[in-house]
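As written, the chain order gives the labels A, B, C, D and E, with residue 1 at the start of each chain.
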């Protein structure tokens, strides 16, 4: 049994590889990785989505390439190769964004280039793509990327609503809404992230308590 | 010799608890009766317990040797009254533990006369002979520490003593034992100093007295004969001025190194009551059978200074002086460093310098609520050895004892209680430190 | 699996293998990058040009076309085409008739948080600054960033006097005054609560105009079509 | 552009736009090694050191890339060159100063992929700094990073002994502290102008 | 022996205490703050009264609720939160919309105190955390000053005070300028007399130097405030500004102005002295005071902001643990031992 389970990801395509990144192993909220862009570019929802998608693109592409080359790349130079591959895709994505919208490029600034050093990407390449099939690596990259985007969005939405009174640039409140400038400042980034972590801690605690209560009451039924 | 009676000198930091000495400091020392049964613990001192030399059922005379020292860091015990050794068994002791003790039943109507031993003449005896005599007389630090005095006086190879300090500070509130001794046993004190000067080889002696006892200082300095290199010096009223290290700093400006002894700065410091005892006992070759104790506190009816036989059970002593009010707390020693007792069956020992009885009124004044440390730094300003009790208290709470010892000199704390006294948050700092030290010692040993 | 791992670990690194992989990946990456660069370059260049032109037209009301000029080391200007490489450029704006409307200049200076980057238009005819646009700023949102959009503040720059005196220097240095206290055409009314950013703009303009306007006026003929 | 005074560049990088507290660069080591003062200072020292080196490299590469007109290679060459230079330096230190290696050594490989290092290289290029300005910028950024790290380490060591609610313990607390520090550093805005 | 209780208490020594408890200290600080608050009400009228009450209440309520939510006993009884609330109110501009006051109060308690474990663990001064948050969140409202000694101030509220929650305040009344802002942005000095007696605009509690000094002196005499902190701050500020003023009087305001304007008095006497967030040793607090003073002077003279006391104190709070580490008291007997060893 255990052996079969172990072999599963090698051969079969598993949707779990996609779902885990979204929630259970969310790169931001659970693993606390790649914090730099999470905090830096989430002062508006649009920026958050753009950054998230750009990262997802790089993540998926590098996962695909790393996975397909996983049998060719010698162990000694694998990190160098990964960095090379990631840097390439980041450069590509940077030009693409610039071509799409100069304003967006300006808003994200150097943080697009800094996707290179986002530990989520190198982490997935090393921990997953280098050991798994192409399809699974693709799903893993997509899941992680979307999970990352989701986290960015969580921050971006809160910060934009409070900080500017808008969501994706659309006004939410009547005229004269007092925006909380601190939310789009760096301090607000720290506070919002801290608050989200608090919220997830609280959720975890509550779930634990519920499970404990369930298992206590459930023993009789079993 | 001239006395320096302008009390400007002191150590840094410290606290000023209310003195509370007026009730007893004018009361002359009174003789106490014998209790129906006395309990003489074989370990009233720091070091190895003494070895009993009497059998159960044996009749002894007052002053007769009951137990002999077992090794160098140990002292003899003598019978406080003429009577019968009922049994030798475990008995409760002030520290809450059970220790091997001799139960002695005095003869009804036993007298006060004491048997004589082999006298030691201060002129002819060698230092080693005097040290042996002090050990045989069962003398320990009567200030409260109960450390065998002769051990202190043994000068190690390569070290020397230039100053003998006689500690008559008595900084603990309520206690007036040393004060009365200094007024009433001047000759004994001076004789004791002669012995001590001889043993230690010190060129001079200084009697340090807190400024709240000017009568004692005046009487002593008037009595010092011209041939004795003794000065009487007053120091500021401040707690814990009576701690050895603090007194040495106040009088000589020398600092005893951390982890070291006074001898490291060429000083030996002996309590004034201990000195008097040496001067009283050695010329007759006797041993300690009684000591002066202040029994006081709001719960006591006849407060006073009593010459009380060693081994008198606390219950008997308190019954004799009478209690008033709703007694909630009894402790041996002063209120700052004294040991609260859980049972009145413990005996009065050589190291017991006083008994203070509190009623519910006093205990009610101590707030029960413990707040978190607010870093007010009162304790930092109070600690006489410049520790950081605030930090150590917080560390102790988290169980980080090693850090306390390594980074914050926990082992230098001598538990004077100044930090707990001033703490507005009512944190039991001293208790924490005692605990931490105990745990660390256990880990080491 | 385990056996393979072990072999990989114990085998001495095969240099040729490593080199081959790295080179292969390197070539692939270079190709990918260059391809993207080539594909996006025209789009990006056009967009950048449009943006710049938009800014120039914005600060030079009435302008319909523009031409770039380069500052030469000897303090004169010459027409310039292509991508700049560290040269100082000014942009001349012309109306539909081809008449010179004014010249747009970029300027930098320290703001509240970081460096401010602005572009402003100068009209030789009016001898005044006729428009200003903030290109890059990190001023406090809701406070300092009012310099970008506060209409009352921007009104300061519709005709800000920078006329030259006889000796060819600016007659009256641009100065900042409190809101509601503007009396002279060379004064800038600050934004209440954003005094620092308003003053930063003033300082940048003061410095830049003092440096460039006399030079521009001397070489005015260069810019005429 | 590129004509700011050295003092302004220094203050700007160290205090006003502190890399950690205003740009969120180097957050990973900031969250990771700010628990103990000793490691924090060492990490800070190592980062400052690497920043100076990589700033020099980045300046050189940029000049080269401008000369051959290949801006699209900027990112890839920065990351490769910085990573390999740090490796070289690490080996060099290991060989010639074992004591320095013991102090900084274990941090060096970690730092290579630290976004603060790459960020510094990119920013100095964007800002068009000359060589001296780049070095001062790197020094300021490094010192600012160290300052933030050291302050945070002190606070965290203190709070390790506090009765922090269970819910808050860990990263959330560190982030909140960083937020307050970030608010504090806002007071430095406009310094050195 | 019937009088002896069956169980004697065995508490370890010492058996007596000085009898000054934490809540005594806190209560005294509140007393010392009341005259300052009173003068604020006198200067700014009903507006200040309402604002101070809301500030204090929001802090006390937040503390109570947060304690309960966390399943702990409510700690509002120790008075420390009352100090925080009152101090927090005193640092705010009087006409600040009440909803902002309440938000800041919650932040001050939640972020500045509760997250760290409550009393004794707040590594920053909570009142200043609340204020710094508001300053960053609502910069315009926080720098719009209600004029002092307006006519009819005891019977009317500032129009902005009752702004609907989450809406931008609309200012109708003429706003005042603080002496520091006037100096920094318009080079207009304020008369020393006005500064000392508080006839100026500014935060509710910062205008009257006299009442603040009196409150501080009361606490210092009772040893509930370490006088070395304000002393070090005042001395350093006076020294630095004296030197700079002598060099260039045009640019740098003189010591009198620097000492008595803005939040320096309130900050130095009541904010910087928050026992929890300051170093422990007397040498430490002097370094701490000097650090605050230097940063304040730096920000005021060379920074972009007119006032920097708050940031200086928060920064010094963060550094105080390091200051403590630097100047641990020399333990008795350690120096000589080292000498002996060498």
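Here is the rule we go by: contacts are C-beta pairs under 8 Å (C-beta built on N, C-alpha and C of every residue); 3 or more make two chains touch, one makes a residue touch a chain.
Remember, predicted model here, so these are calculated numbers, not experimental data.
**Q** Moving step by step between touching chains, how few steps can get you from chain A to chain B?
**A** Tracing touching chains, the least step count from chain A to chain B comes to 2.
**Q** Enter the minimum step count from chain B to chain D; a value of 1 means the two chains touch.
**A** Minimum number of steps from chain B to chain D: 1.
**Q** Using mean Cα positions as chain centres, tell me which chain lies farthest from chain E.
**A** B
**Q** If you average the Cα atoms per chain, which one ends up farthest from chain D?
**A** Chain B.
**Q** Whose Cα centre is nearest the centre of all Cα atoms in view?
**A** If one averages C-alpha positions chain by chain, the most central is E.
**Q** Please find the two chains that have the most C-beta pairs touching each other.
**A** Summing C-beta contacts for every pairing gives the maximum at B-E.
**Q** Averaging only over C-alpha atoms, locate the centres of chain C and chain E and give their separation in whole Å.
**A** About 44 Å separates the centre of chain C from that of chain E.
**Q** Can you compute the centre-to-centre distance for chain A and chain D, using the mean CA position of each chain? Integer Å is fine.
**A** That gives a centre separation of 23 Å.
**Q** Report the inter-centroid distance (CA atoms only) between chain B and chain E in whole Å.
**A** So the centre of chain B lies 48 Å away from the centre of chain E.
**Q** Rounded to the nearest whole Å, what is the centre-to-centre distance of chain D and chain E, using the mean of the C-alpha atoms as each centre?
**A** Centre-to-centre distance between chain D and chain E: 33 Å.
**Q** Which residues belonging to chain D are in contact with no fewer than two other chains?
**A** 72, 76, 163, 168, 173, 176, 179-180, 183, 186, 189-190, 193 - these are the residues of chain D that touch more than one other chain.
**Q** Would you pick out the residues of chain C that each touch at least 2 other chains?
**A** 29, 33, 36-37, 112, 140, 142-143, 196
**Q** Give the residues of chain A that touch two or more other chains, as numbers and ranges in rising order.
**A** 80, 84, 87-88, 91, 95, 181-182, 185, 187-188, 191
**Q** With touch defined as at the top, which chains are paired up in contact here?
**A** A-C, A-D, A-E, B-D, B-E, C-D, C-E, D-E
**Q** Can you list the residues on chain E that touch chain C in the complex?
**A** 139-140, 143-144, 181, 185-186, 304-305
**Q** Taking the complex as given, what residues does chain D use to touch chain C?
**A** 1, 3-4, 8, 12, 16-17, 66, 72-73, 76, 127-128, 189-190, 193
**Q** Write out the stretch or stretches of chain D touching chain A in their complex.
**A** 21-28, 31, 72, 75-76, 79-80, 83, 113-115, 117-119, 122-123, 126, 166-168, 170-173, 175-176, 178-180, 182-183, 186
**Q** Considering only the defined contacts, which chain A positions touch chain E in the complex?
**A** Within the complex, chain A touches chain E at residues 173, 176-178, 180-183, 185, 187-188, 191.
**Q** Write out the stretch or stretches of chain B touching chain D in their complex.
**A** Per the touch definition, chain B meets chain D at residues 372, 394-395, 397-398, 400.
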